[in-house]
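One chain, subunit A, links the two complexes that follow: it is found with subunit B in the first and with subunit C in the second.
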Partner chain A sequence: MIRRITVTLAGPVVSVLLALLVTTLFLTIGGYSATSAYEVMWNYGIEPASLVSALNNAVPLYLAGVAAAFALRMGLFNIGVDGQYRVAALAGAVVAANLPLPLYLRLPITLIVCCVTGALWALVPALLKVYRGVSEVITSILMNAIATTVVAILLADVFRSGGGQNTGTAIIGDEGAMPVLIDLGIGNRTSITGFLVVAIVVGILFYLIQYRTVFGFTLQVASRSPEAAESAGIKVNRRIIWAMLGSGAIAGLVGMPHVLSTAFRFDGTLPTDLMFTGLAAALLGRSHPIGIAVGAFILAFVERSSQVLGLVQLPTEVGSVFMAVILLSSAVGYWLTERADQRVALWNAIRRRRRENPPPAAPLPTGMEASR
Partner chain B sequence: MSETAETDVLVRLTGIVKRFGAFVANDRIDLTVRAGTVHAIVGENGAGKSTLMKILAGEERPDEGTIEIAGSPRTFSSPRDAQQAGIGMVHQHFLLASALRVWENVVLADEPGSAFRLDSAAARSRVADLASRNGFEVDVDAVVRDVGVGGRQRVEILKVLYRDARIIILDEPTAVLVPSEAASLFAAMRRFTEAGAAVIFISHKLDEVLDFADEITVIRAGAVVGRTTPQESSASDLAALMVKVAMPAVAPREVPPGTEVVLAAHGVTVGEAGEVPALDDVSLEVHSGEIVGIAGVEGNGQSELLMALLGRVAHTGRISMGGEDIDGLPTETRRARGLAYIPEDRHRDGVVLSMALRENAALGYHGRPPVKRGPWFSRSGAAAQARAIISRFDVRGGDPSTPASALSGGNQQKFIVGRELGSDPRVLIAAHPTRGVDIGAQSAVWSELTAARDRGLGTLLISADLDELLALSDRLLVFYRGRIVGALDPRRVDAQELGEYMTGVRGHTTNTPEGGAA
Partner chain C sequence: MTISRKAAALGATALTAALLLSACSGKTATVQPSADADQPKIAMLYGTTGDFSFMDSAYKGFTDAQSEFSFTPLDFSSPNTDDYQDRLDLAISQGAGLAIGIGFQYATPMEQTTEHPDTQFVAVDIDKGTSIPDVTTISFAAEQSSYLVGVAAALTSKTGHIGFIGGVDQPSIQNFFVGYEAGAKSVNPSITVDTTYLSPLGDFTGFSDPTKGKEAAASMYSGGADVIYAAAGGSGQGVYEQAAASSTDAQKNWAIGVDGDVYNQVDESIKPFILTSAIKNVNVAVEDSIKSFLDGSLEAGEQDFDLSNDGVGYSTSGDFLDAYTDQLEKAKQDIIDGTIEVPSAV
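Moving on, here comes the complex of A and B:
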């Protein structure tokens, strides 16, 4: 048990260390002092306002990571999270602004509309994969491009409120916006968004569905051995559709923290590339809901704290470099830790073998056999 | 044919040994093939025919032994080397690029022109010329995807001829052909040998071997057990050489089989439109407390029957369980109604190797208690199932949290048998239940199967192991080319008769030998 936890944690730790190493090299070669840069970043990052900001920014990353992980556990690569959340955010912004209901009804309905919209957008690649055998990677990327156009047309011609320079949907009032969870009240912008609760609920649901239900079990079987799944009575094609629908539904929520807590309408300020950072969080967290949460917070923390570097004449790109290396090294990190894990198992087997046969006759080859 | 052509030895294999792990696929095989002859290699599945041919074609390297081509010793490190020595092989499963045209497939990897330019016109005309000279009716501009099975085989042969092969190996060439196509194939083979080539073809269909071969080599269990010619031998001689079983002692059953039909198939056909159906109008019945054995060389429709009964392939005809039609039902419902299944290939669809035994115990039983509790997957319930299987069937090498990959093959098989029998099914479809397991595990599985039979389980047993079929079956049906060609009594049948049915010598497909009550 302890070994399993160590192995699970070792991957992200190795990735972060590798990222630190590369960033340090980058700074040193550029003639900057890495230690002072990290010191400045850390001091800025642990200010309460920064921590709150990192937490709030981690929420959409977490949702994007969980959305990607939901499909990854079925062996599908939903690269269309970006398109799904943009379309869903537009739908959500319109509903939240216009639905004539009190907040306690309007908010859940808004979120459900977002989930349904995201799921429908993800359904297209799923159906194409099942019935036409087209890779979901290609189609979901193309759906992102379609989303850009569709959102632009709908925004310009249908949902734009007012005229002239105004390029957003109608402003969402208090009756439609996400309430603040807690306002720490220490300086400005220290309120934690209510979407933190949404993210926790999504994380718990993800865990229960994927790890605890029969449905999650059938997804696992279908992804690991489609043949065994079919013979056991699990329809692989249906699992593909459900996994993409689930992934798309979670993806539909990714843009909503911005719409309901920051901009209070859908407009051009909605970030358009949360997916890749979210995917990094999913890889860093090994598709486990808690791991993704840790990964999302680390990434949001780095993003926030690197902003200060500009003030002290250091390149703010340090943050981007760090995150890019994390993405690359999360794969390398797992490879390294898995190798190390096998080595440890081998040493243990050799030690056990030696204890059982005290005279160490040809220790290594027999040990290798024992571990087989 | 001149006297020198008769005696001109083109291929001489001496003492070929090939091992895969502990399994000996070829055991000191000697083979001599002369120019101008058609040489048939016959034997059951797994006898080592294909391995031997892959060695000759440079696809496998022998562990021992020598290869001589036209008198000079050769070692092939790749199929390319063998091609340069004039050897070409047409595989049983065609290796064609279906999106390319016929002529493109033929010239692939040996294109005329320079390294940067393909001389399409020359390539196309050379292929067309080759086809017409050999009397092959094939449109060289057609895309292979649109070409039928017989045409694809001609493309494969053209590939071999294009590379000027003098030794042409055909691996079960007629398995996919209708009789008229087979006849034209044999006519083409004859033309090649008249031009001085040698044709080696692998088959287990004795009628065609006797009709078309000049020489015959019989292989059983990796060793040559006979060399003969069609003039000197008969189909029954060959069948006796190919199929050898030690008649096992049959433990007399004490509980008589029941009368209720638990599984029935009526006119079940599986196949792509326009091709020879893999399973052709098969009707059979399994009663409660009865084991019905299916004998036959592999690839004669058994897999398709399994998939149809399980509900995994589209089929025509009716399938019923316990008197109720189950044609329209998905696999899940069939299994929920008491259909258990021991698959042909345990790694393909028997277990998920990367999952723990706990999860593997739930495979196929995930939709009912104790694994399913409401919407939840009960890990404790699944673990209890796994523990029950492990203790009852003496599965060694793991506990419920061990991944299935850590178990030996025999223990994996015992685990699968235990999982399927542990659910008290009404019908069991068992394919090769003891394949690759040791004697101890085999007798354990056999006694479980007979015990379940005595409790009233109806079993359809498909096996390549004739000992197993004869020991366990109450009735024996023989499959040949997707049809049932014989219904035999396993207590009276002898190996030779069985071998003759399995190789198509006896039992023509016009009779309807359904052994059970109609």
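Moving on, here comes the complex of A and C:
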């Protein structure tokens, strides 16, 4: 048990340290002082307002990460989270602003509409993969481009409300917006969004479905060996469709924290790069619901604190570099920790055997063991 | 008992290296707030420079003010389109006395941030008629300057066919078009005005893709247009290049720049093809705000930058418009007097 936790934790830690190293190199070669950069970032990052902001910003990243992970566990790469959440956010914004129902009915219906829209947008790549054998990576990227145009047309010609330079849907009033979970009341915007609860529920559902049901198990089997799964009676094609639907449904929620608790409408300020950062969180957290949460918070923390770099005349892109390197190093970090873990297991096995049976006259050639 | 030793060792190495590297720093980044604690701090919140127009102009105003007045500048640039709120928070938490937000996207965050007793807000390029409590909002009548360059385009065109290339299909850019079209039609009611936008609503790539601008311009010039007005941020560079590249002895093609005086920004080889630029004096707005903040006269409320106070205008660099000065100045005066009502898209 301790060992499993150590290994799980060592991965992200090594990844972050590697990212820190590369960013430091980048800064030092660029002729900047990395210490002062990290110092101002840290000091700004641990201010209460920053921590609240990082927590709130981590929520959409977490949802995007879980959405990606849901498909990843079936061996599918849902790169279409981006398009799915933008279309779903537009649908959700329209429903939340117009549905004539009280909040306790309107909010759940809004979220369900978002999930359904996201799932339907993800269904297209799933069907194309099952029936035509087209890679879901290609089709979901194309669906992202279609989403951009569809959203633009719908927003400009159908749902646009109000004049002026900013274009958005109708403003969502209190009876449609997500209530605040806790207001810390220490200045502007120090309230924690109710979407934190949504994220936790999604995380628990993800865990239960993927780790504690037969369905989740069959997904794993189908992704490891489709042929074996098929011969064991698991309908792989149906699993592909369900995995993409699930991933799309979660993806449908990604844009909603912004719509229902920041902008209170769908407009040009909806973030468009949540998918890649969310994917980084999923990789960093190794597709485990708790790991993704840690990863999402780290990334949101870095994003927020790197904004202060303009103060020390450093490019704010340092934060982006750091996150890009985390993506790369999370792969390397896991490979290293896995190798290390295997080595340790091997040493232990050898030591145990030596303790149990005293060393024979001619010791085993080490090459045999190492070849494990 | 089972620590992954290799991982630990590697981590330790990485950490040591990171610490070592950061210890031997190159030029030390100056943490400005400690440099001059008594000076007022002024923050400018903007996107990224390099668009040859809006942002560059704002940045110019900020740097000009730094050389002229004495204050501690806080430079908050960000390529993101979703963290306006964060940047405003940052300005407040760093104790800025004045925060200048460049772009209409700052209207909402500044409206929602109600507690800012020690920080004055200026929002630049906000819709005319927007009133936010405790915020100075500056609007530009971009349609007026666009009207004038439309007049210039129609007077200069030999083919009776001109074009407009917008960055993103959104109201703020459509506003340039309606003014431009109205100006051109006031000279020649039967003139053809082609129009295209480089990216749809919500997709901001159209402001930073010179290749797209070049392609769009190529197809317009070959379709018969001989003057193109580019209101496309950094993508305009492609339009300017294409004006030069597609000109022949038989037909000279022109481009019209936007926001800044493009004639002064492009290469020598392209200068002869820049007819004029529709000027939006963002730099003046930034510099004036800083000046009035420092002498204590900055007040909340609306400020309109239009033709009447030279907040917008057209450039005459290159002297290509000398023959039409009278018509242009008359149109300008008519707009100021209200004889000409310029349509607006916002």
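Going forward, the second predicted complex is superposed on the first by the 353 of 372 C-alpha atoms of A that agree within 3 Å, B and C clash if a C-alpha of one lies under 4 Å from a C-alpha of the other, contacts with A are read in each partner's own complex, and residues count from 1 in each chain.
What we mean here is this: a contact is a pair of C-beta atoms (placed from the backbone, for glycine too) under 8 Å apart; a residue touches a chain by one contact, two chains touch by 3 or more.
Computed from a predicted structure; not experimentally measured.
*Asks:* Both complexes share subunit A, so when I overlay them there, do subunit B and subunit C fit or clash?
*Replies:* They fit: once the shared chain is superposed, the two partners occupy separate space.
*Asks:* Where does A:216 make contact in the superposed view: on subunit B (first), on subunit C (second), on both, or on neither?
*Replies:* first
*Asks:* With the two structures laid over each other on chain A, which partner does A:44 touch: subunit B (first), subunit C (second), both, or neither?
*Replies:* The answer is second: A:44 touches subunit C but not subunit B.
*Asks:* At the Cα centre of subunit A, what angle separates the centres of subunit B and subunit C, to the nearest 10 degrees?
*Replies:* 130
*Asks:* May I ask you to name which of subunit B and subunit C touches more residues of subunit A?
*Replies:* Partner with more touched residues of subunit A: C.
*Asks:* Examine A:18 and indicate which partner it touches, taking first as subunit B and second as subunit C; both and neither are also allowed.
*Replies:* A:18 sits against subunit C, while subunit B stays out of touch.
*Asks:* Can A:175 be said to touch subunit B (first), subunit C (second), both, or neither?
*Replies:* Neither partner.
*Asks:* May I ask you to decide whether A:234 touches subunit B, subunit C, both, or neither, giving the answer as first, second, both or neither?
*Replies:* Once the two structures are laid over each other on A, A:234 reaches subunit B alone.
*Asks:* Would you sort A:225 into first (subunit B), second (subunit C), both or neither based on which partner it touches?
*Replies:* Only subunit B is touched by A:225; subunit C is not.
*Asks:* If you take every C-alpha pair with one atom in subunit B and one in subunit C, what is the shortest distance in Å after superposing?
*Replies:* 19
*Asks:* Quick one: in the complex, what on subunit B touches subunit A?
*Replies:* Subunit B reaches subunit A through residues 310, 312, 330-336, 341, 343, 348-355, 359, 362-364, 366-367, 371-372, 375-377.
*Asks:* Give every residue of subunit C touching subunit A within the complex, in rising order.
*Replies:* Touch list, subunit C to subunit A: 1-8, 10-11, 14-15, 17-18, 21-33, 74-87, 89-90, 92-94, 104-105, 107-108, 112-116, 125-127, 130, 169-172, 175, 200-204, 346.
*Asks:* For subunit A, which residues count as touching subunit C in their complex?
*Replies:* Interface residues on subunit A, with respect to subunit C: 2-3, 6-7, 10, 13-14, 17-18, 20-21, 24-25, 27-28, 30-38, 40, 44, 47, 49, 53, 148-149, 151-153, 155-156, 163-167, 187-189, 258, 262-263, 268-273, 303-304, 307-308, 310-314, 316-317, 336-337, 339-341, 343-345, 348.
*Asks:* In the complex formed with subunit B, which residues of subunit A make contact?
*Replies:* Its residues touching subunit B are 212-218, 220-221, 224-225, 227-228, 230-235.
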